[in-house]
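First chain written, first letter: the chains are A, B and C, and each begins at residue 1.
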Amino acid sequence: MSPDETDLPPLRAALEAVLLVTDEPVAAVTLAQVVERPTEEVEQTLQALAQDYLEGGRGFELRTVAGGWRLYTRADCAPYVERFVLDGQQARLTQAALETLSVIAYRQPVSRARVSAVRGVNVDGVVRTLLARGLITEAGTDEETGGILYRTTPLLLERLGLQSLDELPDLAPLLPDLADVEAGQAS
Amino acid sequence: MVEVSTAEPGTDGQFAVRLDNFEGPFDLLLSLISKHQLDVTEVALSKVTDDFIAHIRAAGTTWDLGQATEFLVVAATLLDLKAARLLPSAEVEDEEDLALLEARDLLFARLLQYRAYKLAAAQLAQMLAAESRRFPRQVRLEPQYAGLLPEVLLGLGPQEFAAMAARALTPRLEPVVAIDHVHGATVSVREHTAILRERLQRTGGGSFRSLTSDCQGTLEVVARFLGLLELYREGFVAFEQLEALGDLHIRWTGGDQTDIDPALDPAAAAGAEWDEPTEDEPTQDNPDEQEPM
Amino acid sequence: MSPDETDLPPLRAALEAVLLVTDEPVAAVTLAQVVERPTEEVEQTLQALAQDYLEGGRGFELRTVAGGWRLYTRADCAPYVERFVLDGQQARLTQAALETLSVIAYRQPVSRARVSAVRGVNVDGVVRTLLARGLITEAGTDEETGGILYRTTPLLLERLGLQSLDELPDLAPLLPDLADVEAGQAS
């Protein structure tokens, strides 16, 4: 059931076609399996495509987000797209949700109690919101306290435009004495 | 220094603050420090202590004690520190002072930690905003491919399907931290102030240790300390300390005045309001109370 | 709320961006309204784009169908697209998909936001899957929020061996306190 070898579209076109039908980021290795080419060659072609779109002034971009490749509209076309898409508007996160999200992102997996301790307020409602928005998910229970642990989802990475959690901005410069704080703060 | 203020000055130049405008005591502290154009240092903590206390007073009857315990704990620590700075020497001589220094370090560390996550949150917000201008391709399959999908199997019958719906629609009972003890421990600063006033008028004075010897738990000690500061502010008591970091002695200087008219004393009136118990149950002598940390 | 006139992307890019986010043919006159240009100019640009994709050997095509313009995968890329579509799909629905389906079945017509609130997780991806599998379909929009409503299809009834929705088992005996649940489930 392999495509006929004699009349194949170029690799570039094959990748473009697959990218057009996916609704989530696709890893290069998955694409490589589909087109039956080495992952490395596929990676290079994808990068060339991304460059091609950029230089060609296309209205779309090919980007790696959350560990996969995906087509996006160009940022400066947002006014038109927003006008067209009714359902696409994401409600803005509140300050409380953002702060809670940032604690979870940097401390995951982490319990609500611990997030509350950092923020100095109860975070139950905010955590429910973040769960419903798909930005965090449950990740087992804390062995000591039995409390539910939370971690961030690939969707958050997508929304941040990041490949992986490693790309989160470094917290160290913002936090003079992380070690001291950790030591002093009872869990 | 990054601006962290989230408060808007009121029209009268005062901060018209409702408690729920602030995401917790650290948010309030950072706002105050920012308002005074100070860097986040321990010195800044000392400079905004009065403001901090004023703000939680201004919250008046809107206090939800369950939500506000962190504010109370932070307020108590700040007041402790403020009082300690009145001492002639900073030498650490006993365990209480050591505990106070630890409390100061912990408070400061937690404030810095909170600030770091707040700054990180601001960066995340920028990233989210930038990213929200890009829309991912996210559409249904073209009909010719949709038809390729294998016939979908549910793998369950109507009863199982209904049971699944019932499970999904039943609100999940999330494990909650019991806060009964917090509510049970509602402590009234006004009542403790009254106790102090009566006792000091009668005896003329005493050590802080003796004035709090009958307290049940930390919250009551805190309440009594707040009450003492209240009386000190109003000029009804004087503090004396015979040796550095020694016992704090309180002397009644208010004469025979038996009552203070709250109407003539806005601060006292506010103080009397913000700790008003929210429940009908007795607010003292509750054996369950404990420090809500 | 008109886009800033000084820094507009070219018409071509604007059209590409809008076309990327829709899966229904869009009439040129609609596109013209979105980008605020004359319909004729938009038509010409769309034709030029279609030609551009063809000559550039892209994996996608811009075609007019049913009086509207839409991006499609290129026909000779079909073998790759088919393999990609089939690879990731299983005949059986995931637990998450089944749960979401059951909530929609008993609450229809219902919005994604409401299903999210009930399940405590984001259901966007799962709803797309259920749509793709033909088990649910769109059913207008919520008057209050403007969100798309969903209902189940005859295919679901068929799969459950039922004649009509009336035959769905009564939830009441399974749900000890339906009234409380309803009350507690404010969206």
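The working rule: a residue touches a chain if its C-beta (ideal position, glycine included) is under 8 Å from a C-beta of that chain, and two chains touch if they have at least 3 such contacts.
Note that the structure is a prediction, hence the values are computed from the model and not measured.
Asker: Which chain pair is joined by more contacting C-beta pairs, B-C or A-B?
Answerer: By the number of C-beta pairs in contact, the winner is A-B.
Asker: State which chain is most central when centres are taken as means of Cα atoms.
Answerer: A
Asker: Where the centres are mean C-alpha positions, what is the separation of chain A from chain C, in Å?
Answerer: 21
Asker: Distance from the CA centroid of chain A to that of chain B, rounded to the nearest Å?
Answerer: Each chain's C-alpha centroid was found; their separation is 35 Å.
Asker: Averaged over CA atoms, how far is the centre of chain B from the centre of chain C? Could you give it in whole Å?
Answerer: One centre to the other, that is 46 Å.
Asker: Please set out, as single numbers or ranges, the residues of chain A touching at least two other chains.
Answerer: If we look for residues of chain A contacting two or more partner chains, we find 19-23, 60, 71-74, 76, 81, 85, 88.
Asker: Which residues does chain B have that touch at least 2 chains other than itself?
Answerer: Correct list: 135, 137-139, 141-142, 145.
Asker: Can you list the chain C residues touching chain A in their complex?
Answerer: The touching residues are 2-4, 7, 9-10, 12-22, 34-35, 57-60, 71-74, 76-81, 83-85, 87, 116-117, 120-125, 128, 146-148.
Asker: Of all residues in chain B, which touch chain A in the complex?
Answerer: Chain B reaches chain A through residues 6, 23-27, 66-67, 70, 74, 102, 105-106, 109-110, 112-125, 127-128, 130-139, 141-142, 145, 174-177, 293.
Asker: Spell out the residues on chain A that touch chain B in their complex, using ranges where they run on.
Answerer: Contact set of chain A toward chain B: 19-23, 60-61, 63, 70-76, 78, 81, 85, 88, 90, 93, 95-96, 98-99, 101-103, 105-106, 113, 118-122, 124, 146-148, 158-162, 168-169, 171, 174-178, 180-181, 184-186.
Asker: Quick one: in the complex, what on chain B touches chain C?
Answerer: So the residues of chain B touching chain C come out as 135, 137-142, 144-146, 148-159, 161-172.
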